[in-house]
């Protein structure tokens, strides 16, 4: 990971959670990232977490796994995350965005539940996505040992 | 008061509180009571409490004093009631109706403040007025001694 | 009594005021006087929104203005408490010390012009003093010193609905002095917007009654040198009639006023008995914004979904501003209406106004003519608070909800006008007969009744935050 | 697999069902089936309002329906959770046991038909199941047994927006069975209302795309004997286009369907990115009611001021019903609009639909033709969730906000249609060039952008009860 790589080599895995068919943000985020020079492996809507893990196995140089969840089912749809991580899979920052609980109030407890599953970053909006990816990328290329 | 009297002999004093210019309900209530056979001494809007007392002095057979307060100033406008009562005046049921506090929530405390001044009856609406007057009239003609 | 350039005010008020030059300089320094807001709105053909607002405490008033400003009004109000309106400054002052929240408005005379300037400077939009004082002279002096560039009232419209026994001769002369001082100010380049309260008793006011009073006050004001007049008309509830009445403001101004006087039509959103369901109240507020724009108003004074309950809290008031603004916005630009119906209404409104005001204006002495006309019922308003109008006029709504004269008392209407009003009010065959007063009561509760007939069965659910009446 | 009069359902679902005769008898005994509500609304020329609503728990669902009923809807919904939609009944059932509030809808298959009947009997108005299941057969069987007389969906509209990789051949056949069972029921006197989800992906769907899909599904449904079709079109945001699209439903039905099939136009209130200010959201909801009436819809499916935030609470949902109902009410009967502009829009919508569907309908095998057309992009939808549509179509708003084709991909449009779309989208001189995707993104956020340009500076005050996003 310490080889200096150009932007064009950057790759991410993108998709929408298993029970979720909301496609519009997925289309737009894919296009936005491609415009920023990323290679986007877009798994589309209704993607089980295991499929994200499979995709990462096929594309091990992916910087992050980006998951949208718009229908309120994030927690249920990501329940397999601890299990997959325990099995040594999905070992890349998992970035989650969308409407992260049923109902019109997302509480801190709702977000904590998701972090407890192992979600690394939660973004309310896709606007900050490239910035976050750049930060993660810079951090990953730091020589110092990483924590957590 | 124990002589049997016909409807046409019934008389009330009506008016709107001192700082208050709301006239519509006053017009309508006067007409409504007249239709029910009452003689209405209508003092109109912006009537100081002392004027109600004066009117009662002039019309001692009035059954009740009916005061509207629509602008939220009921408490201030009726502050002289204890004083007048102490002086032996306004010795008739005082019936108050309208919007009885500033703001859009009238609380029990607001109403209690008015009762503490000596207001005898509070009606949210003029609809129940004739009924109340009939009840008061019947009670006044009861042979048993009255309390309070 | 003291004399402020022709404005006779109490010695006590006068003693507290700053120098007149200071007042004029301060007024001239205000970055955005009301008249400019009105001109811009007029040019853009989109009315600005103004809420009513006034609370007793000064800190509370500052907070209220700031909170409301964020809702985007074009002008903000300083609504005055009833004691101050009736010149009972001592009561206002005692209550302010004891329980400021018990005041139903801001007692500006008591707070004084220095605090008034704090209000003026707290927000970027201009302020208007709204009150209802048959004699608003002391209050006007303080308002000017506070830098307030818009002042509501007139010798008829702020007398008959607002007091019991102030002779018209008195109120007309008091307001003459206010207008004359505006003339003086205009001569030194400070244009004060003078709004005329055509709303009157607010409940079932026939448009021609509202506009006739406004025309008479406008003529009187213009004679004293007033250069900017806002003519307010209250939303009656029938859209074509409301649009027509607002349009009539401009044609009547052209007929009766010097073209040098700027005249801005203003819509007061429905001032009668308000529906209680928030969504329905909201529609009426939105519709007010729309009708204001369609009628060519420069300003619309908004209402709130708490109108039926009491003085609104800040959040409801701000929401009312936003809702009215949406009504004026391009989101409703697709709306057309029956132009010919509006034109017909406008024709008759103008004719009725002419029949009411022409005889009065023909008299050499305007004030005396107004007073006699009211005494004789040739001018009249329904549900007058004052004994100086006869209130023999009985208004009613026709089948479409438009407000007509069911009984025009001694108003000098032509046979054509009387015939039209009668024809429009003719009950349908087989309708059960009602007394005039029952009919008028039903018409007063027009929107409440409509509300109860709509499928809005649960006006206030457990989670609703609009309070029921006790 | 089990067979319910031609409807192939899972053995597990089938085992739990009551006798078919019992189901038919129960359906026939429902006092007010959906079709009658629609007929009455159509006759009265006032659309009824229907909210979406579904929560996981049964008791909560009963409470929700009862609370919403008091707001006066014509029909109520049972909105199904996403797991059930995607046939993951086990997940729905596990979640129902563990945390019912985590379900974004009511898992009817899991709760079972007996509880379904409790829902049906809890309210006086009929229920519709709204879901989004590419294969809604099991759910339909349970819904019928529950006495539900209206069922949404279709082989295209409930596939492409709602799943990733279900072949059209599969979904079309699944829905063919649903329609065929409706035909069987109709023969025994039970008319089920079948609503077609023209809303599709909801965001920037050009009217002719919505209506073309609905026409194809309607033709398929009618062939199977369906007698009552509700054709839903999603409010796009430009009033003339929306009115025209609703009107086109009737003319298209006349052209493509047997007149024995009853067709009711339905407006789905704006299904895209919703404004966040409650007043603005409220106006969009009100306007939806108005446009539904003006466009001749029999029903309008309402939204709420919490749309931008998440599934609404009951109070907000009830308020949405009331607001939409006010939009349909006689308070707005004065509203006219530019008829000729609507007529022009309607002409072109119908022409575009014809150019899309005529080649497909010309084929002998409708399902194969639909599948090939989508594969080849001769039929297409924007932002497809499914890999079985190409999504090469790029929609954009024109200057008035109407939705046009900026890129129509391989749609078989005539030169005239292409020219008109291009002309309407031509950027004004000097506009800064943007990529198609930036432009489309801006158009998706149309109402948000409009909102930010309105003087609604404080969308959520301290006292507001609509929550900010985290």
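All chains are identified by letter, namely A, B, C and D, in their written order; residue positions are counted from 1 within each chain.
The working rule: contacts are C-beta pairs under 8 Å (C-beta built on N, C-alpha and C of every residue); 3 or more make two chains touch, one makes a residue touch a chain.
Treat the numbers as computed from the prediction; the structure is a model and nothing was measured.
Look at where the CA atoms of chain B average out and do the same for chain D: the two points lie 59 Å apart. Centre-to-centre separation of chain A and chain D, using mean CA positions: 31 Å.
Between chain A and chain B the centroid-to-centroid distance comes to 72 Å (mean Cα coordinates, whole Å). In chain D, the residues that touch at least two other chains are 313. Chain-to-chain contact here is organised linearly: an open path runs through the chains from one end to the other. Every pair of chains meeting the contact definition is listed here: A-D, B-C, C-D.
Across the interface of their complex, chain D is touched by residues 67, 70-73, 239-240, 277-280, 282-283, 286-287, 313-315, 318-319, 322-323, 325-326, 329, 331-332, 334-338, 450, 454-458, 461-465 of chain C. Remark: chain C residues 82-83, 85-86, 88, 91, 95, 101-104, 132, 161-165, 201, 203, 306, 309-313, 316, 383-385, 387, 391, 435, 437, 440-441, 444, 466-467, 469-470 touch chain B in the complex.
By the touch criterion stated above, chain B contacts chain C in their complex at residues 19-24, 27-28, 31-32, 35, 44-47, 71-73, 75-76, 99-108, 111, 124.
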